[in-house]
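I have a structure I would like to understand better, so I am pasting it below and will then ask my questions one at a time.
Naming follows writing order (A, B and C), and every chain is counted from residue 1.
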C-alpha cells in the first residue's frame, strides 16, 4: 500500500516535471484542435543537437571507460534488439488482419531506439540527481541496428520463402532459396549500410567519433549540454502533438496494434530492466544505467526507423507501424520512464 | 523644459538599447533594399519560445498570486480590448473610403495584443531594473480575445443588419435578424474556439498551464529565460524589415489608415496607462505593471490576429488592416515603450 | 626538426578541437554517403547569428579604437582583395580550358571573405587564449567588396574589349568602348550597391552599426557570444558535408581549378600574413590580428559571393567557381588556420 502510494506520488511529481509536462501539453493541444505547429526544420535541428549531445557525451566517456563494463551492456543491448523483434513479430502475426510483413515492420520499430525517449530518460535522471554511465549513448546503435536488421532480414526471408513455396515447383523453389541465401549476406550488408547512413545513426556516430577522437569538451560544455534540456522540452511538445495526430490512424488498422502499442513498451522495458540488472550483477552497471537500458528497450524508433523500413519493406503499411509506434509506443514509453526509476529505487536503490 | 530634456535623453538611451536598435536596424536595412531575410521557420521558432516563456513565467507567478490583485488588471485588460475596438471601429468608419468591415478588422487588430511588443516591453523594463508582476503574461489572452471577439461579432452583426435592411422586405429582415441573434451565440463561441486554437494563444496557454500545474522552473531558468533577450533581438530585426516592407502597402489604402496607425498606439497606450493607474490605486499594481498594460494596449496583433480575422471576415481587405498594423502600429507601439517608462517614472516613480 | 615536430603536434591538437573536428566529421559523413542534412533555414539562422556577432563585436571595439590602428589594416585588407583577384585572374586564365570569365569569377570568390572561416579562426584563437583586435570583423567588408568589385569590373571590361576587337569594325568598337567607359562608373556603383545589399554584408554592417551607435553589450554577452562557438560547430559540419559534395563537380572542370583551389588559400594566406606583419610593424597590430588577416585572405566567399557573381557574370560557370571555392578553397583555408597560428608564434610570439 505504502509502496503504491509512493509510486503514485513519484508519478505525479514526474508528470509535473518539464519533460512529461510538455509531452502531455502537446497531446492536450492536439486534442483541442490547436493550430500550433513547430516547423519541420526546427524539429530536425533539435533532433540533430540532441543526437550530437548524446553521441559526444558517450564518446568522451568511452575514452576512459573500462571496455568490459562497456561490452556487457552493449552485447545485452544488441540481444534485446533481436529478442524484441522475434517476440513482437510472432505475437503480432498471430492476430487476424495482421500481415507478416506489417508485423515485422512494427516489431522492428519497437525494437529500434528513439533518441528523444532516451534523451527524456537522461534529463529525468539528471533532474533526480541519479548518476548513470556516460557511455550509455554508445549502446544506442547496438540495439537500434540489431533490431532493424533482424526485422528486415526476417521479413525478406519469409517473403522469399512464401514465393518459393508457391505451386510453380520445387526446382524453382530451391533455386530461389539458393539465391535468397546467396543474397542474404548482401542484404544484411545493405541494411547495415543503409542504417549507418540514416540521419539519426550518422549524427550519433559523428558525435561518438568526435567525442572519442577529438577534444570537444569546450563546445560540449558551452553549447550542447546547456541547451539539451530546453530543446528537449520543445521536442516533447512536438512529439505530444504528433502522437495525438497519429492516434487517429489507429482506427484504420487491426485492434491488435492498439494492444501491442500499449503493452509492448512496458514488456520491453521490463526485459531491458532485467538485462540491466544482469549487467549490474556482472559489471556493477549503475542503477541509472539500468533505468536507461529499460528506457531504450521500451522506446520505439521515431526518426531513422520509419524511412529505413519504408525503403527496405515497401510492402508494409506505414499507417500500421508508424501509427502504432508514434501514436502509442512513444508516449507510453516516455510516460513509463518514472516507473523504471521507481523500480530501480526499489530493487537497487538510487 | 528639464522634463522634456530628461524624456529626450531617456529616448536616446532607449534607442541605443538592443530592442529598439534592432527594430530600427531592420527598418534601415529594408529601406536600403537589403536582401537579408530571416527564414520563416526561424521566425516561428522564436515566437514559440517567446510565447512559451511569457506563458511559463505567468503561470509560475499565478500559482502564488493574490487572486484579487490578478482579477482587477485582468478585467481591465478585457475592458481595454473592448473599448479600443469600439472607439477604433467608429473612428475609422467615419472616414471616406473606409468600409465598415475594414474599419472593424483594423480596430480588432489594434485591440488585440502583440507578444513581441509585450516581450520587448519586458526586456526593456528588465534592462532598467524595473520590477513588474510575474503574472502579466496571463493578462494577454484577456485583452486579445476580448478585442478579436468584439470586432468580429460587431462586423458580422452589422453585415447581417445591412442585409436585413435591404429593400427585400421587413418579414425577411425579421427572419434574418432572428437567425442572426440565434446564430450570435454560436458565432461568439466559434470565434472564441478559433482564437483559443490559434498558434499564439495556444502556445501562451500551454506555457500558462505548464507553469501553473507543472514545475517547469528548471527548464525555464536554463533555457527560456536566458535565450529570451537574444531571440527577441532577432525578432525585432524581422519586425523592422517587415514593417518597412508593409509600409508600401499603405499607399494603396485611404489616408485615414495612416493617421490611425500612428495615433492609435499612442492613444491606446494612454488608455492602458490610465487603466493601469486605476489598478495601481485599487490593488497596488506595480509601476512596471502599469507600463506593460500600456504596452499591451498600444500593441497590435501580429501573429495570431491576422489569420483569425482573415478566416472570420473574408470580406475585409488585408492590405488595409495588416498593412496598418504591421507597417505602422507595431513599430510605433515598440518605439513608444520608453514613453510609458518615462511617464510611469514621473507619475508613480519606478 | 624540432620546429617541424612542434608544428605537427600543433596541427594534431588543432584537428582535435571542435572547429576542425566537425569540419572533418562532415566530410567523412558525406564521403560515407550519409543522409544527414541540416535544413537550409537552420544554416541561414546560424550564419545570421555569426555575422551579427562578428559585426557587433567589431562595432563595439571600433567605438574605442585608435583610428590609425584601424585604418592601416583596413587599407591592407582592401589591397589584399584587389591583389588576390589580379594574381588569380591572370594565373587561372593562363591555363587551357579556363575562360577569362570563369577565371575572374573564381579569383573574385577567392579574394572575397568567408564569415564562417573568419569565425573559425576567431574561435581557434580564443581557445588558445591568443588576443586579437576587437575591430577585426570591421576589416571583412573592405577585403570582400574590393575583391568582388575588382573581379566583376575586370571581367566586364574584358568582355567589352573582346566585343570591341571583333572584326565588325573599328567604328563600332570605339562606340562600344565609349559606352563601356561611360558605363564603368555606373557599373562599379551597381556592383557596390549589390554587394552592400547582399545578405552577408548587410547582416555584418547591421551588427557593426548597432555595435557602433547602440549599446548592445547586454544581448551580446548573454546571447551572441555564448552561442557563437556551438553554432559554429554545426556550421562547420554543414560546410564539411557541402565541401565533399561539391568536390564531385570538380571532375567536370579543368585540372587548373584543382591546383588553384589547393594552392591559392595557402598563397593568399601567406600574402595576408605578410600584410599583417607590416601592420604589426607600423601600428603594433597584434599577433592574433596577423593570424586573422591571413585567415581572411586565405578564405573564399561562401555566402554572399556566389549569388553576387551569378548576378553580375551570368556567363561564368558556377560549377567551376563555386565548386573550386566550396569544395577545395574553404576546407583548405579552414584546415590551414593552425599553420598561421604556428607561424605567428614563431615569427612574433603569441
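The rule is simple: a contact is a pair of C-beta atoms (placed from the backbone, for glycine too) under 8 Å apart; a residue touches a chain by one contact, two chains touch by 3 or more.
Keep in mind the model is a prediction, meaning the values are calculated, not measured.
For the copy pair chain B and chain C, the superposing rotation over Cα atoms measures out at 120 degrees to the nearest 5.
Interface note: chain A and chain C, two copies of one sequence, contact each other through mostly non-matching residue numbers (shared numbers fall below half of all numbers used).
Centroid to centroid, with C-alpha atoms defining each point, chain A and chain C lie 43 Å apart. The set of chain C residues touching two or more other chains comprises 39-42, 227. Residues 39-42, 44-45, 48-49, 52, 196-199, 202-203, 206, 209-210, 213-216, 218-219, 222-224, 227 of chain B touch chain A in their complex. Touching chain C in their complex are the following residues of chain B: 13, 15-18, 21-22, 25, 28-29, 32-42, 127, 226-227, 229-231, 233-234, 237.
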